[in-house]
Each structure stands twice: as structure tokens, then as C-alpha cells.
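Quick heads-up: structures coming right below.
The same chain A turns up in both complexes below, where it pairs with chain B and then with chain C.
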Partner chain A sequence: MIYLKSRKDKFKIFLFIVPALVLYVLFQIVPMIGAFYFSVADWNGIAGTAIKMVGLKNYIAVFKDPGFLISLQNMGKMVFFSVLFHTPIALLLAVAINTKCRGYRFYKAVYFVPTVFPLTAVGLLWYFIFMPNGSFNTLLTNMGLSQFVTPWLINTSTAMNTIIFVNIWAGVGYYMVILIAGLTTIPDDIYEAAQIDGITTVKKFFLITVPMLKPIISMCIVMDIIGTVKVFDLIFVMTEGGPNGLTNLPTTLMYYEAFRYDHYGIGSAIGIIIFLIALVLTVGSEYLTSRTEN
Partner chain B sequence: MNHTNYKGRKALGKVGLFTFLTAMALMFICPMVFTVFSSFKDNTEIFGDPFSLPKTFRFSNYVEAWNGANMSTYFINSLVISIATVVILAVVSSMAAYALSRFNLKCGKALTIFFLAGMMIPIHTILVPVAYIIGKFNLKNNLVALVLIYVAFSLSFSIYVLARFMKGINRSLEEAAIIDGAGYFQIYTRIMLPLTVPAISTVSIFNFLGAWNNILFPLLFINDDKLKPIALGLLNFNGERGSAYGPLMAAIVITVFIPMVIYLLFQEKVESGLAAGAVKE
Partner chain C sequence: MKRLISLFLAVALCVGMTACSGSTGSQSGSSNSDGKKVEIRLLTRMAGTTKQVEIFKDIIKEFESKHPDAKVIDESQGDESSFNNKLKTDLSSGTLPNIFRIQGVANLGEYIDNGLIMDLDPVLKADPEWNKFVPGALSYYQVPGHNGTYAIPMESGLIGVYYNEALFKKAGIDSFPETWSQFKTAIQKLKAINVTPIALGAKTTYMAGHLHDQIFYKWMGTEAAKKLGSRDMKWTDPDVVKSLGFVKELNDMGAFPSGAAGISDDIVLSQFQKGQAGMIITGTWNISNFTNKKDCPAADDIKVAKFPSFDEKPQYKNEDMQVISPYMVNGKLTGKDKDYTIELLKMLTSKDAAKRFAEEASFLIPRTDVTLDTQKVNPLLLKNVELGKTSTGIAVDVFDFDPLASMQDTTRNAIVSMLVGSSPEQAAQQIQSEIDKSK
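Up next, the complex of A and B:
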């Protein structure tokens, strides 16, 4: 720290913050305050038309909308399966790669590379695989499993699960890399001591690796939950929330309400609900992890 | 006896390890390879023979995507938008981080928390107000405004990472410079910026990918086809020519090309930066 004494110096230093502050307030804070405002207002999206204040009407409408309840349910389902698969698969991959076996760099790159792709491209890539005459159905037919052939993204009982699968596919590498970084912090001598005691690989995994990585594993799970709440692109590209809104998440529903049906108030209310969900999850998980640490 | 048993188990473990790694790798490689193969095929071959190598490599699909579907325009738009975002963010956030991390400003702590709070704002929450601002100030198809929105949205994360890095820089150089009569701006450009290059490059890679991959803000801002960034252009192409699958696959490959090159070039940087990037999600 450099201690500034004169007012002039303090002012000079403050000037360094001004550009960031202006942009941040203009394009983040003002819209954030605006979001609350629009969520209790009625506006048709046309610039210049009057904005009417309607109180909590939008929120009531949102919670009465079966489409929104479905989107919440989908979100819960997606969070559940993401947590169930992302971190555990990523952990197995991380441990396997951390053996530094032959070709481990190649394997790591293969698992990780989808996470840097635009999700629009990832979504389209899988859309062409899962479309009714897509390659996955061809593969099933070729393998003699034609009884399983189905329009994966249109069939109401498979559409959401297919999206959940793609979301897991696209994200595993991300958590893997974080866990690999965590693995390198575990000192080798713990494993060496275990080796001398003749402990099996499986036991080493459950008795040393998992407990030592616990803070990072829980960080991954928290990030996964919050990240899944914000999934948008995949659904926007693969199903547009269809069939019949059955694959909507609050994020996509918010977008369609506001920008397809011009229900800006409803869209804003859902936007605020998304914010509150993310906030509660973040604060809640902070609280839980800090409590377990004590 | 025991020894051979151990060796045998070890060999078995190795086989298991490689089986697992390879099986998982196939899950990742197959869809990507399928897309690349298809990008060289015509429709008959894509549907008749989806898993084989293309019989002839139709580079015409790429020409069709690049020229016919305007992917070249989208590609250049995205490059311009992403680079502008990265440069402005690097300048603006490093300046703020310098002031917040190196001096005892009275409101420094409060400002830091104020900036950090931005990481809690989901993009969807501010979409309607942003759309309102666009309409009110006539910012439709204004690329400068789009870039500034990207900058604002990534400021919290960038300032957070850069300030944390700058805090760790030794102050002796800075103090010597003050004694030599250097101004604060000089210290920032001559001392702090060069020392912060590692953190700035990490942040910049993330910001570049963020701008390259984003579709939500362009969906609101851009309806002029000539100004669309690549992720949005790809969707456009999909909507317009849904049946020309070869060129569409080529367009997907073109879209992921730059992020992939960035990753392969800066592999370590991208991966090690994730721990810092993790905070944003």
C-alpha cells in the first residue's frame, strides 16, 4: 500500500477508477436496478410507450403459469443430474490423467476442448446427431437397436434428458481441469506412505484423494449448481424450449416471454427470480462450506 | 509369488486405466470427428454413410459457408468485437485494479466490494433493462455499445483477478520511481502494466472467449446481418438453409476454429486461469 496524503493525489488515483466505474454503473448497476423496476411494471417493449406500475402482478402471474413451474422443475432436474455426473466423472478423469500415463496430455485436451467452444456450436453439433434422421438413430439401427430409435429432441420423454446429457458432455472438462489443479496440491509422500502400507488403488482414492480434495470438490459442485441455473444457449439452439415448453429453463422462458411475446414485465420478474435463486445458492453454499470448515 | 501378483495387478490396472481413458475419449472425439467428416460430404453421403470418411473431400462446402452464407463477414465481425472488448477491458480494468490494490483510498474497500458484487448479476436479469436502453438511446446495431456492454459485464471478474495479482507485486520499484519523481500514470504504464502481463493475458483469453461465444447480447443488439457476430451468424445460417447440411457442418467447424486454436496455443494458460475464472460462473 502506498499512503497518499494530499487530496490532490487521492483525486488523481481516483481518476484511474473512473472509466471502469462509469461503464459498470451505466451497463450493470443501472440495468440491475431497472430489472427490479420493470418486474413490477407493465411495458410492451416499444420505446416511448408508457410504462404502467402494476405491483406484484407479474410475479403472481409467473407463479401461476404452469410453464414456469415446468421450467423450475426442469432446472431442478438438470441441477440434480449435473451434480450427479459432472464432478464424479470429472474426478475420475482427473485422477486417471494425474497418473501422467502415456498420452495424458492428449486425453486431457480431448476432454477439455468442448468447454472453450461456443455453446451454440456445441448445441448445433448435437442437434444434428439427435435429430430424427440424425446419426445417432442411424447408429442405433445399424447396431440392431432400432426399437430405441426416437426423435430424441422432440419426444417429450427424452428431450430434456438429451439436453441434460449434452450439458454434462460440454462441462465435464471444465471441472476436470480444476480438479487436476487440486490433485497437484496433494503431497506425494502421503501416497508413498500408503503404498508402503500396501493400500489398494481404490482405497487410496476413497481414503486419501477424496478427503484431501473435499474443498475443491465442494467448490466444483457449487459452481456446477449455479452454472446450471444459468444454462441458456444449449436449449435455445437445440429445442427452443419445445416441445410445448417442456424443455424450458427459467432462463429460456424469460427470453421468450420478453422478446418473443413482448411480455417485458413477466420476463423481468423471471429475471429477478433467477437472480434470487443464484443469490440464495451462492450465499447458502458459502454458509455451508464455512460452517463445515469450522 | 506375492511380487508377481502385485505386478499382475499393476498391469491389469494399467489396462483398466487406458480402457477408461480411451472409452471416454471416444465419447468426446466421435461427435467432433463426425461433424468434421460431415463438413466435407453432401447430403446423400451424410445420411447414407454417416460414419465413414468422406469419399471425396468437398472443400466446396467450406467455400459455400464462408462466402455464400457470409461466415466470412460474421468471422471478421467477431474478431473485431472480441479484440476490441479484450483491449478495452485490459486497459480499463487494469487501471481500476491499480488504483484499488496499490493505494489507501478511503473508499477503496467499499469500491472493491461494489465491483465484486457485479459477479452476482446473471445476464438474464438485466436483459429487459438493456433492451430498454437500446431502444431509448437508439443503440440497435451499434457495435460500440455492444462492446461496451461486454466490457461492463466482464469488469468485475477482470478487476478481481488483476487486483489480486497486483497486490502481490513488490512495492520497492514503485517507491523508487516515486522518489525519482515519476507520476502515477507513468508508474502505471512503465512499472505496473509490464509486471501484470501474466494476469492480463489470462484475463484476456477468458474475455476473448466470452465475447466470441456470447449470443444473448448480440440477439438484443444486432439485427443487421452485416454486423452479426459468428455465434449468431451460425444460428442464422441454420435457420435459413436448414437442409444444406454439409455447409452447415463446415460453418460449425469455422465457428469453433478460433477458440480451439486459442486453447491449443495457450493450453497451460487457459487451464491454470480456470481457477481464477471459476469465480465468475
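Up next, the complex of A and C:
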């Protein structure tokens, strides 16, 4: 803990904080309050017209909408599978690359590349692969596996799973880099001591690497949850929420309600619900990981 | 040094704050009393690199050179989503441009009530030479329940069926089908020679919507769309369900590419251009894509026709879907801002402009006083104009007459749902429940 001696020191530190604080309040806190205000109001989106307070009516309408319930289900599925696959796959890749095997720099770059691309570009790329007459179906046909050819992005049983796969593909590199950074902080002495004790590589991974990386892993999970709850561009580019709302997420639905249907109240209510979900999931996962640590 | 750093931070903060504090509540168009230039902001869909955009920009330049004290800020967006985002933001922040466009008719009431859209009747009456618009197109913007005309039609044309005559001949179809039963036979014949009968990419949902619009007008007439909007009819009425059923029928007989619901419009357009599909339902805006042989190897074979009518409904044979796009003027304009905006509007829709747009860009402004040079105009456009003249009733999308903004997506999504398994009854119910929900 730094002890601040004088008011002058305090003032200087305050000066450092102020720019970020002002931007944060202006572009994060104020819009958030605005969203909450609009979520309990009815407004037609025309400047100067009356904003009518309607209480929880918008929230009730949102939860009565079957389209929203589908989007919620999609989000739950997406968060579950992203958490299930992102960090474990990223961890395996990170450990493999950390062995400094031949060409590890190349693999590190290759696995990180999808993270560098904007998610819209990634979405478009995979749309061309998975569209009904896209390259994946052509590949299946050419390999004589035409019985597996299906319109991946419009079939009820495959549409959401395909998007989840793309989301995992696009994110693994990001978590891998974080975990590689974490791995470099584990002292070599521990591994050497384990080596002398004759411990196997698998045991080394589970008894040294994973416990030592726990704080980083839990951070990755929290970031994954928040990131997945916020996914918008991938859906917007790959399916636009279609066919018929099948692949909507609350984020895309929020955009459609506010900016296409002029339902600013309902759009804001969905925004607040997304915020609460992200908050609960984040706090919940923090609690779970800290409990297991204890 | 430390002092210098804190000084730097303080200055950076001030700069940041100044940048953040935009001028709020400013009306569109700058004030001109202080000698500043008159700013005219435009928000149209005229963006990109097409010939029509080039002409549009030429007219703006001409206006600016005529009025050195005016500056035109063109914020037009080609992409529909970007356009809608910009328009909604302008509406909600009270910074509506001088000239803009809003899709639909019935939903205009709220904007008119709030004085956002100018009644152009006095302007039209004051300039009889300019007021030579096709009456049907102009009256499209006479909004029910409001006196006046609230837009100038800046684009029109039949949305018809563009077909590949060579493929039709190869399949043994001598002429374009005029009735629904002939249409279905033609589809089967095209399928028999392994050609996609109708290029329809319903990931871009308007394509499915436009197909239903065509069927709806031929089955029930354009007036029925108004009745749906005024709630005198329901989407679940048997005839409306039947109109949806025809889309399902086409889907079930394999008229569209496989997995049509997951394919976007540009992909099916390219299939049609390459001669891999027999027909595409589209409007005049695509004519330029059908004439360039480099992009469109099938250019020589492409012809245009009206959507077939139903044998049992001959009275609706010429009830057609046409595109009508508007220029609307900000209702809050006054003084020089207003005068200059009106002048620019007139220049953009004048007789000369209409002639240039049609001859050079196959882009049709619905005016009655334009004589086109048949040598210069694309034959597809000429045919389109000829077909359009026989329309007894015209309408754009069925939802254009609906006051609910969400009906565009609701109707189109429900129609797409039939391509992935829903029944016409379920689709109708889905649309009707959106209406019932809003009551």
C-alpha cells in the first residue's frame, strides 16, 4: 500500500486518474443510467416527443416474447460451450507451445491469427464455408459423404452449434496467449524438483501447471463469459439472427428492437437484462473459483 | 518535470472534454445570418460507385457551383443497416437531415404529427413545370389521415421477373408463363435440365418478402395490403394464408436453390448472371448488373416479364409490385435553408435529371414529361417502362401500409420460416400475433 504524504501527492494522483475517469463516466456510466431510464419508459424515438414512464411493462413484454426466450436459450448454450472449450483447448495449446518445440513461434502466430481478425471478417469467412452451397458442403460431396451435406446455418439442430464452433475457433488464440504468459511465470525449479521425484508429464500438468495457473484460468473464464454474452457481430454477419429468429442472441434482438422496430424501451430493457446476466455469471464464476481455491 | 507532466495531463483533459462536448440540439442546416455557408445535409441510399450515384453527385456539384454560399453534406449510405442506424440516430437526437427517406407510408403519420416531414403540396402547386410526376407515384405519399404530399418519388419501376430466355428455350419453354399453372410447369421443366428455377437467397430476407408481395398482389390486389394495414383484414384470413401457401408450394416443388434460407442475395444474383438460374425477382436497380457482359455472361439472354397471374383471379392481372423510393424534406426548415433545400430537391428530380438517370444509369424517376432516346436506353429498362404502364394498381411491399415498424422483419422472417419447415398457417399466426401484441 502506498502511503500518500501530502495533499500535493494526492492531487497529482488524482490528475492521473481524472482523464480515464471522465471518459469512463461519460461513455459507460451515463449511457448505462440512460439505458435503465429508457427501459422503464415508452418512447417512439423522435426527439422532442414525450417519454412516458411505464414501469416494468417493457421487462414483462420482453419475458413474454418467445423470440427473447429462444435468444436467451441460445446465449446460455453459447456461454456453456465457450467456457467448456475455450480455456481447456487454449490451455493445451499453451502448454504445447510452451515446450518450445520446433516451430513453436510459427504455431503461436497461426493460432493467434483468428484473434487479430475482426469478428465480422471471421463471421463472413465461415459463412462462405458453411452456407448451403459453401465450401464445406462441396468438400463433403467431393469426398463421397453427401449424406452429411446439410444447410448448416439454417438447420434447426445445427445452426446455433455451427456459430458456437466459430466463436470457439475465433477465441482460442486469445486465451492461449494469456495462458502462455501465465505459464512463463511458473518457476522451472518446481518442474525440475518434480522431475527428480520421477513424476510423469501428465501428473506434472495436473499437479503443477493447472494449480499454479488457477488465477489466470479463472480470469480467462470470466473474460470468456463476459465476451460471449456480448457477441453480436458474429451472428449479425453469419445469419442476421435468422432463419426466423432461430439464431438470435439477446444482443442482436436488442439491436433489432431499438433500431429497426423503434421499440427503444424494449431494446433498453434487453440491454439491462444482458448487463444483469453478465454480472451474475461473472460474480458467480468468481465465487465458484475462489471457493475451490479455499 | 513532474509539474510539466501534470500540466500536460490537465491540458489533455481539457482537450478531451472539448471534443466530447458536441453542439447539442443543433437543427439541421447551419444558420446563415452570421455569414456562414448554408449547410444542406442529405441522407439517401445514393452511395457507392454506380452510374446513378455519379449523376447524383454531379447534380450536387452543379448546385454548389450555382450557390457558392451553400455546402452540401452528403451522408448517404448504400448499406441498408448503416442507413437505418444513421436515420434512427438522427431522428432520436433531433438532427434530421434536410433531405432524407423513410421506408413505408402508414408509419409516416407519427413523423408528420411531430412536424418532421414537410408537406410538399404547396411547393408542387407553385411550380407546375416541375410538378410532372406520375400521379400514382406522387399519391403514394399522400398519407392516410393527413392532408398533403409528404415526399417526392425519386425512383420507380416494376419489380418483375428477369429471366434467362436461352435457358427457358433449352428447357422447352417457348414464352414466359402468364399464369400460375404455366409458371409451375416452367419450374418443373427448368428443374429437369438441372437449372435452379428461381434464384432466391432468403438469408437476405427481402427476397422472400418480394416473392410473397408479387403473389399477394396477383391473388388479392394491392388494395388488400391497405386493408391489412388498416386492420380491416387479418393475416390469418383464409385468402392471406393461401397467398403464403403459394410461397410454400414453390419451395416444396424445389423452385429455389437448396438451402435458400441460408443464401444471400448477392450469391443468387451471381448465379443468375452466370446463367445457372432461370429467373430472379428484382427491380430496375439491378438492370445495370444484367447488361455488362464481363460480370454477366448471360447478358444477351436476359429478358423481363410481369409475375404470372392466377387463372381464377384475372381481375388482379395487372396489380403490380413497383419500387417507389422517396425524397422527404425536413419539416423544420425555414428561410434560406428551406429555399436551397427545395431547389436542390428540384434539381435532383427535374426533367433533365430524370432523362440523364434513365439513359445513362437505367434509373427511373417517375415523371411524365421525359422522352427517352430509345437508342441510348437499355432495352430491359424500356421493356420495364412499357410493362409498368399497364399497371392498374401499384404497391411496394405489403408491410408498407402497416403502421408497425416491426412488420418489415416480422413478415419477411415468417415467410422465410416456411422455407425451413413452418406451415403457411404458422407463418400467418406469427405475423398476426405481432399485430395483436401491439394492441
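The criterion applied here is as follows: the second predicted complex is superposed on the first by the 253 of 294 C-alpha atoms of A that agree within 3 Å, B and C clash if a C-alpha of one lies under 4 Å from a C-alpha of the other, contacts with A are read in each partner's own complex, and residues count from 1 in each chain.
In the analysis below, a contact is a pair of C-beta atoms (placed from the backbone, for glycine too) under 8 Å apart; a residue touches a chain by one contact, two chains touch by 3 or more.
All of these numbers come straight from a predicted model, not from anything done at the bench.
Report the partner of chain A that touches more of its residues: chain B or chain C.
B
Answer with first, second, both or neither: which of chain B and chain C does A:Phe259 touch in the superposed model?
both
Output check: A:Thr138 vs chain B and chain C. Expected answer is one of first, second, both, neither. What do you get?
The answer is first: A:Thr138 touches chain B but not chain C.
Taking the superposition on A as described, I'd like to know which of chain B and chain C A:Pro19 touches: first, second, both or neither.
both
Classify the contacts of A:Asn44 with the two partner chains as first (chain B alone), second (chain C alone), both, or neither.
second
Of the two partner chains, chain B (first) and chain C (second), which one does A:Tyr59 touch, if any: first, second, both, or neither?
neither
Regarding the shared-chain residue A:Thr282, is it in contact with chain B (first), chain C (second), both, or neither?
first
Kindly classify A:Glu240 by the partners it touches after superposition: chain B alone (first), chain C alone (second), both, or neither?
A:Glu240 contacts chain C only, not chain B.
Between chain B (first) and chain C (second), which, if any, makes contact with A:Leu153: first, second, both or neither?
second
Once the two structures are superposed, pull the chain A residues common to the chain B and chain C interfaces.
Shared contact residues on chain A (touching chain B in one complex, chain C in the other): 12, 16, 19, 23, 26, 45-47, 133, 258-259, 264.
Chain C touches which residues of chain A in the complex?
Those in contact with chain C are residues 12, 15-16, 18-19, 22-23, 26, 44-49, 61, 131-133, 151-156, 239-240, 242-246, 256, 258-264.
Quick one: in the complex, what on chain C touches chain A?
2, 6, 9-10, 12-13, 16-17, 20, 84-85, 88, 91-95, 110-111, 114, 116, 202-203, 205, 257-264, 267, 404-406, 408-409, 413-414, 416-417, 419-422, 430, 437
For chain B, which residues are in contact with chain A within the complex?
13-14, 17-18, 20-21, 24-25, 27-29, 31-32, 34-35, 38, 47, 50-51, 91-93, 95-96, 98-100, 102-106, 111, 115, 118, 120-133, 135-136, 148-149, 151-153, 155-156, 159, 171, 174-175, 178, 184, 188, 209, 212-213, 215-216, 219-220, 230-232, 234-235, 238, 245, 248-249, 252, 255-256, 259-260, 262-264, 267, 270-272, 274-275, 278, 281
Inside the complex, what are the residues of chain A that reach chain B?
The touching residues are 1-4, 9-10, 12-14, 16-17, 19-21, 23-24, 26-35, 37-38, 43, 45-47, 89, 92-93, 96-97, 99, 101, 103, 107, 109-114, 116-121, 124-126, 128-129, 133, 135, 138-139, 169, 174, 177-178, 180-181, 201, 219, 223, 226-227, 229-230, 232-233, 236-237, 250-251, 254-255, 258-259, 264, 267-268, 270-272, 274-275, 278-279, 282.
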